[in-house]
Each structure stands twice: as C-alpha cells, then as structure tokens.
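In what follows, chain A forms one complex with chain B and a second complex with chain C.
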Partner chain A sequence: MWSFYFHELMRSMPFFLKGVYMTVAVAGLSLIFGTIIGFIAGILRAGRNKPARFIVGAWVDLIRGTPFLVQVFIIFFILPGIGIELEAFPAAVIALTNLTASFICEIVAGGIIAVPQGQREAATAAGLSYYQQLRFIVLPQAMRTILPPLVGQYVLLVKDSSVVSAIGVVDITRVGWLTVQRVPEGLMVFGLVGLLYFAICYPLINLSGFLERRMTVASTKL
Partner chain B sequence: MLETFNFRVILEYMPLYGQCFLATLWLSALSLLGAIIVGIIACAMRLSKSRALSTIAGIYIESIRSTPLLVQLYFFYFGLPSMGVMLPEWVTGVIALTLNSGAYYAEIIRSGIQGIHFGQIEAGIASGLSYFQRMRYIILPQALGATIRPMLGQAIILVKDSSLLSLISIVELTRAGQLLTSERFMPAEGFLTTAAFYLVLYYMLKAFSGWAEKRLIFREAH
Partner chain C sequence: MISFKNVNKWYGELHVLNKVDLEVEKGEVVVVCGPSGSGKSTLIRCINRLEPIQKGELFVDGMAVHDKKINMTKIRADIGFIFQSFNLYPHMTALENTTIAPLKVKKMKREEAEKIGRKMLTRVGLADRMDHYPTQLSGGQQQRVAIARGLTMKPKIMLFDEPTSALDPEMIHEVLDVMRDLAKEGMTMMAVTHEMGFAREVASRVIFMDEGTIIEVAPPNDFFTNPQTDRGKTFLQSILTH
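And then the complex of A and B:
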C-alpha cells in the first residue's frame, strides 16, 4: 500500500512544483514590497515627526496584536464589502506585505535608534542635512544591526505564506491539502510539504546566523 | 461599510464569542505549559554531553523552525489517523502547538544559559557554593532576567498561532468569526470582533511583559 501511495505521490510531483512556484511568487513579491514599505515606515518611526511616529506605532501594534489568519480573512472578505474586489492572489500579497512591512519597520527603527547619538551630532556639526545624515551616516551603520534580523524576518515570511492557503491560493500547503484527499497518507504527503519548505527556509536561517556572527565580529573590530 | 455595520448581531453572538475567547485562552495556556516543559527537556538534551541526544534535539529544533506551523498542524491532523491514532481535534491542535513552541522555547532557554559567563560559575565554585546554590542564586536569576522578554514574546506568538486551529475546525476565536461569516454572511462584523478580542489579549500580555521585565531588572540590580 505504501509503495502504491508513494508512486501516486511521485506522479503528482509536477503539481507540488507548481505549489513551490506559487509560494515563491507570493513570498517574493511580498518580500520586495514589504522591505520597501518597511524601511520607509521604520525611518518615519525613528524620525522627528511626532504624528507620523504615532500613526506608524499604532499600525505596528494593530498588526502585531492580531493573528495573521484573521488579517488575511479581513482583507479577503471585508474589502469587497467596501467595493474593492480582490482575487485570492493579490489579497494574499497585500496581507503578507502588510505583515512583513510592520515587522521590518520595527527592525529598521531599532537599528537607527541604536546608532550612537554622537554620530548624528558630528554630522550636524559638519553641516549635513537630515537626509544626508540618514543616507551617509546613520543608515550604513544601522545596516549592521538591521541585516541579521531582516533575513530572519524573510524566513518568517516564507513560513507565514502557508497561511494564505486558507483563502485558496494554491501554494505548497494547499497542494498538500488537495493531495491528501486522494492519497490518504498524511505523514507522507505533509512530510514532503515540510521538506519543500525546509529546502527554502534552512539556507535562509543559516544565512541569518552567518550574518549575525559576521556583523558582531565587524562591530567589535571597530 | 460603517453605515451597515450591525452591532446587534455582534451582541447576539456575544455568548459564542465569550465561549470562544475562553477556548482560545485555555488552548493557549495548555500549549504554553506543554511548550515550556518540552523546551526545557529539548534544551537539556541539546546541551547534554551525549552526542545522540544532542543530535536528536538538534534535528527536532531545526525541522520545527524551518517549516510552517500550519504544515505541522496538517501533518498531525492527517498523519495521525493514517497511522491508526484517532484523537479529538483539540488534542491534535494542542500537540502541534506544544511541539512548535517547544522548539522555540528550547532555543530561548539555551541562549539564556549560554549567555552566562563561565567565570560566574567558577566564582561560585570558588566561594564554596553547592551546585544547587549556584543554580538558585547565580545562574537562574540571570538566565531568567535575560530570557523573560523573549519568553513572553513567544507566548504572544503562541496565542496568535492558536488561530490556525480554526482551520482544523476547532471552535475558538477565529472560528467564531468564520461562523458569523457563513451563518449570517457578515464577515466585517465577524472578523473585526475576533480581531478586537485578540487585541485585548495582546495588550494584556504586553503589559504583563513590561511589568515582569521591570520587576526582574529591579531584582537583578539589588
């Protein structure tokens, strides 16, 4: 029986590869948009504009305080109620981008605040404008603190993307769910699904650890 | 959307939400307790001198950390019956949540213990403290002080992750929103109420986290 199911599973391998493609597409798009929005929001959060700081802080708290699944449902089911019809795929990308941006915002803001105040004072004394300071003094130094958790956040992004299978995006998890209806060997099917996620996440986890070691060595050398 | 927002339906469903809120609470509490126990055991195995134990714990921690919780949940939900193990859904859910968070707790505890300088232990030995005394007065207070924040952070993640249990038809907060959506076709009312309940939980845990941290730092300073 096992070998029969195994054979069945191997025959649906192209289906699984399509799922991998979908997961990479959803996570990849959200990664790009989320990083851009997250950096902008993080700079605002660490900036001098009080209302902007407050609004970004409230947004981050709202996103952190609710489960991602609930956010996905809100975007997918409620936005059509106010006239925005969304397919599952764009809804998934919007939800994931929103989630990732809020986490990256906190990472970036933390990195900027960790840069010693004296650096900024020296830059002010040298006559650099706020944006010049940010661009040439603060951000390059902050990147050292930002980079390792940023890559860690990308791992979370790939894992969280499995949740969008709940609204019918045919990613790896959804393919597993559909396959298990035909091939009733849950351990085997979801073992394979897990293996595919592992193949994407494990290198990223190691990259994050590597960067963390690299960056600590770099900062102690100074 | 707000003009048509139906507060009466929310009131009507309040008893259900109350029940579901309690369900989320005790499912999370049970998993949290289990996760801390699993975390301590896995961490002890990981740090033990036995090569075999350390490898087993390493494989467990890495494979949990590089696959999504939803896949782990489906792995047990579809996998256990195919092995002939029939369990109620909520038991499957608690097992998946426990094993998932357990791996993260193992890493948190390990970083707490390894963060203590060996000189501290040597100083303890030199002052004639017994193993128990060293643990009680030197190692544990410092390890606890350093890990209380990530520990409570993981507890917040666990509560939010419990929303995924709704996907294997366990009745908890997210499921309540789904029920309101499918019975009355009111997704806005359903999921926004669900989100509000999660936010209450989030702010409670966050406040507790801030309080615990202050108290522990106070104790560390004296």
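And then the complex of A and C:
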C-alpha cells in the first residue's frame, strides 16, 4: 500500500513543482516589495520627523500584534466589503509584503540607530546633508548589522507564506492539502511538503549564517 | 572671524554656556581649557552648530550661526572639526575618508578630490597609509587622517575638541606636530586641550572656562605663570601635578 501511495505521490510531482513555483512567486514578490517598503519605513522610523516616526511605529506594532492569518483574511474577505475586490494571489502578496515590511522596518531602524552618533557628527561637521549622511556614511555601516537578520527574515517569509494557502493560493501547502485527499498518507505527503520548504529555506539559512560570521569578522579590530 | 555675543545654552536646567562673549580674529590660535564639565567642548561645538545655542548671537566669518533659518552647509564646509574619538568612517580607506566631503559637498571631480586628499595625507605624514582602513591605523595616525580630512575642504577655521585625549602618550606628539605646523601657517584655530606645551608655543590666547563662563582670557605665558583667579590657580595646580 505504502509503495502504491508513494508511486501516486511521485506522479503528483509536477503538481508539487507548480506549488513550489507559486510559493516562490508569492514569497519572491513579497520579498522585493517588502524589502523596499521596509527600508523606507525603517529610515523614517530612525529619522528626525516625529509624526512619521509615530505613524510607522504604530503600524509596526499593529502588524506585529495581530496574527498573520487574520491579516490575510482581512485583506481577502473584508476589503471586498468596502469595495476593494482582490484575487487570492495579489491579496497574498499584499498581506505578506505588509508583514515582511514591518519586520524589516525594525531591523533597518535598529541597524541605523546602532551606528555611533560620532559618525553623523563627523559627517554633519563636514557639511554633508541628512540624505548624504544616510547614503554614504550611515547606511553602509548599518548594513553590517542589518544583513544577517534581514536574510533570516526572508527565511521566515518563505515559511509564513504557507498561511496564504488558506485563501486558496495553490502554493506548496495547498498542493499538499489537495494531494492528501487523493493519497491519504498524511505523513508522506506533508513530509514532501516540508522537504520542499526546507529546500528553499536551507540555502537562505546558510547565507544568513555566512553573513553573520563575515560581518562579525569584518567589524573586529585588527 | 568667530564672534560670540552674549551666548547662552542650557541642557534642561544646566546652564552650560553662560553669557559668553568672545572674539577670535583671523589667524589666531585660541586654546580653551578648564575642568571637566566647564562647557569648553560645548563652546566649540556651537561654532558649527553641532549644538544649537538658545540665546545670544554667534557669527562665523560674518554669517549668523544662531539664525535657525540659515543654511549651515556652506559654513560647515569652511570649518574643519576634529573630534576626541577621531570619528573616521570605518568603511572607507584613509583616502576615501578625505575625499567624501569634497566630492559630495563641493561637487569636486574625483580626480581633483583625490589629488588634494593625497596632498593633505602626505602633509600629515601618511603618504604610505592612503589605502589603509581606520582599523589598520594607530590612534595617532587616525587622528592625523581626521586632520587631513578636515584640511581637504580648505577650511578657514579648524576646531579641535580634545584631539589628543584619546591617544597613548607616545602618539600625542605626532598630532601636536601637525597642529603646530597648521598654527604656524596662519590657520585660524580653536583647540580644547590641556597640552600646555602646545599652548605656550603657538597659542595667541588661552581661555579658561568654568561652569559655563569664561573666567580668564590671557596670553599663554601670563595665564600659566600668573593666573588671575583662584579657580585658575587651582586648575593649573591640578593639571601640572597629575
């Protein structure tokens, strides 16, 4: 029986690969948008403008303080009630982008704040504008602190993306749900689901570890 | 060149600068000394508005630094500022440290900026260290890079905030030598320092501060041999006998 199911499962491989493609598409798009928005929000969060700092802070707290599944439902089921109709795929990308951006915002703001005040003072004294200081002095140094947790966040993003299967996005998890109805060997099916997620995440985990070691070495005094 | 008119500054309740009046002429070298917390660092940090003042007037080369509406970029570009902790940019080489401001503030061409950067690094005795990163340099070398970084902007004024305090004793002289040369070339300078040898040799005046007030202003020899106030005497004893 087991080998029959295994055979069946292997026949479903193309279906699973489509799921992988969907997971990579949802997570990949959210990664790009989330990184861009997260950096902008993080720069505002660590910036001089008080209202902007407050608004970004409130947004971050709100997103971090509510379950992601609920956020997905709000975007997919509740927004249409006020006239914003969304397909499952864009709704998933918006929800994941929003979540990722809020976490990246905190990572970026933390990295910027960790750059010693003296660096800004030296740049200010030289006549560099606020934007120039950020671009040439602060961000390049902050990247050392930002990069390892940023890549770690990408790993979380790939895993969190499984939640969007709940609104019908046919990602790896959804493919698992659909397959298990035909191949009722749950351990085997979801074992494969887990393995596929792991195959995407493992290189990222390694990259994060590598960056962490490199950044530590690079910031050590010779 | 620098003109303080009844300058006042508070940190909360603390009156860090109390009715400061001071004129510094072009080419003058003014050494500021005083006990810790006397407001001497704050005094020079106000000149390029690293710290804003709350009351009074402060002019640098005719420009009103106290005026909140004034654009500080131009004024700051004309003032070199040297920090106690060097504050070199750690992700840039010595040469890149010296060229970033000319490139971005003065919009100089890279070729030109590097030429002047090399010239200034050579001038402070670091011709063979241009491609080193700050962490690869000793404290004295780092501070000299910082001075070269200030000089590439062709400043009209150089300000020094305890430039040798973070240095090991054997490195102090190499920084003081550079400062001495600058002074002798006619640079307008204000330096917060307790290096009395330096003050005696090149300072035109010594300012002694305590509790946010300028207590004594005198030529260095007069101040060191014959301070007019009790607080000045106590201070000199404490630094000479340490």
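Following the convention adopted for this analysis, the second predicted complex is superposed on the first by the 220 of 222 C-alpha atoms of A that agree within 3 Å, B and C clash if a C-alpha of one lies under 4 Å from a C-alpha of the other, contacts with A are read in each partner's own complex, and residues count from 1 in each chain.
Simple rule for what comes next: a residue touches a chain if its C-beta (ideal position, glycine included) is under 8 Å from a C-beta of that chain, and two chains touch if they have at least 3 such contacts.
As the structure is a computational prediction, the values presented were derived from the model and not from experiment.
K.L.:
Just checking: does A:S165 make contact with chain B only, chain C only, both, or neither of them? Give me first, second, both or neither.
P.N.:
first
K.L.:
Please work out whether A:G118 is in contact with chain B alone, chain C alone, both, or neither, and reply first, second, both or neither.
P.N.:
second
K.L.:
Is A:G127 in contact with chain B, with chain C, with both, or with neither (first, second, both, neither)?
P.N.:
second
K.L.:
Report for A:F198: first if it touches chain B alone, second if chain C alone, otherwise both or neither.
P.N.:
A:F198 contacts chain B only, not chain C.
K.L.:
Please work out whether A:V70 is in contact with chain B alone, chain C alone, both, or neither, and reply first, second, both or neither.
P.N.:
first
K.L.:
Please determine whether it is chain B or chain C that touches the greater number of chain A residues.
P.N.:
B
K.L.:
Using the superposition on chain A described above, determine whether A:F136 touches chain B (first), chain C (second), both, or neither.
P.N.:
After superposition on chain A, A:F136 lies in contact with chain C alone.
K.L.:
Please give the residue numbers of chain C that touch chain A in the complex, ascending.
P.N.:
So the residues of chain C in touch with chain A come to 48, 50, 72-74, 76-77, 79-81, 83, 85, 87-91, 100-101, 104-105, 135-136, 146, 149-150, 153.
K.L.:
What residues of chain A sit close enough to touch chain C in their complex?
P.N.:
Against chain C, chain A makes touches at 116, 118-119, 121-129, 132, 136-137, 140-141, 221-222.
K.L.:
Touching chain A in the complex: which residues of chain B?
P.N.:
Listed in rising order, the residues of chain B that touch chain A are 1, 62-63, 65-72, 74-75, 77-83, 156, 160-164, 166-167, 174, 177-178, 181, 187-188, 191-192, 194-195, 198-199, 202-203.
K.L.:
Quick one: which bits of chain A touch chain B in the complex? Just the residue numbers, please.
P.N.:
Against chain B, the touching part of chain A is residues 61-62, 64-71, 73-74, 77-78, 81-82, 155, 158-163, 165-166, 172-173, 176-177, 180, 184-187, 189-191, 193-194, 197-198, 201-202, 205.
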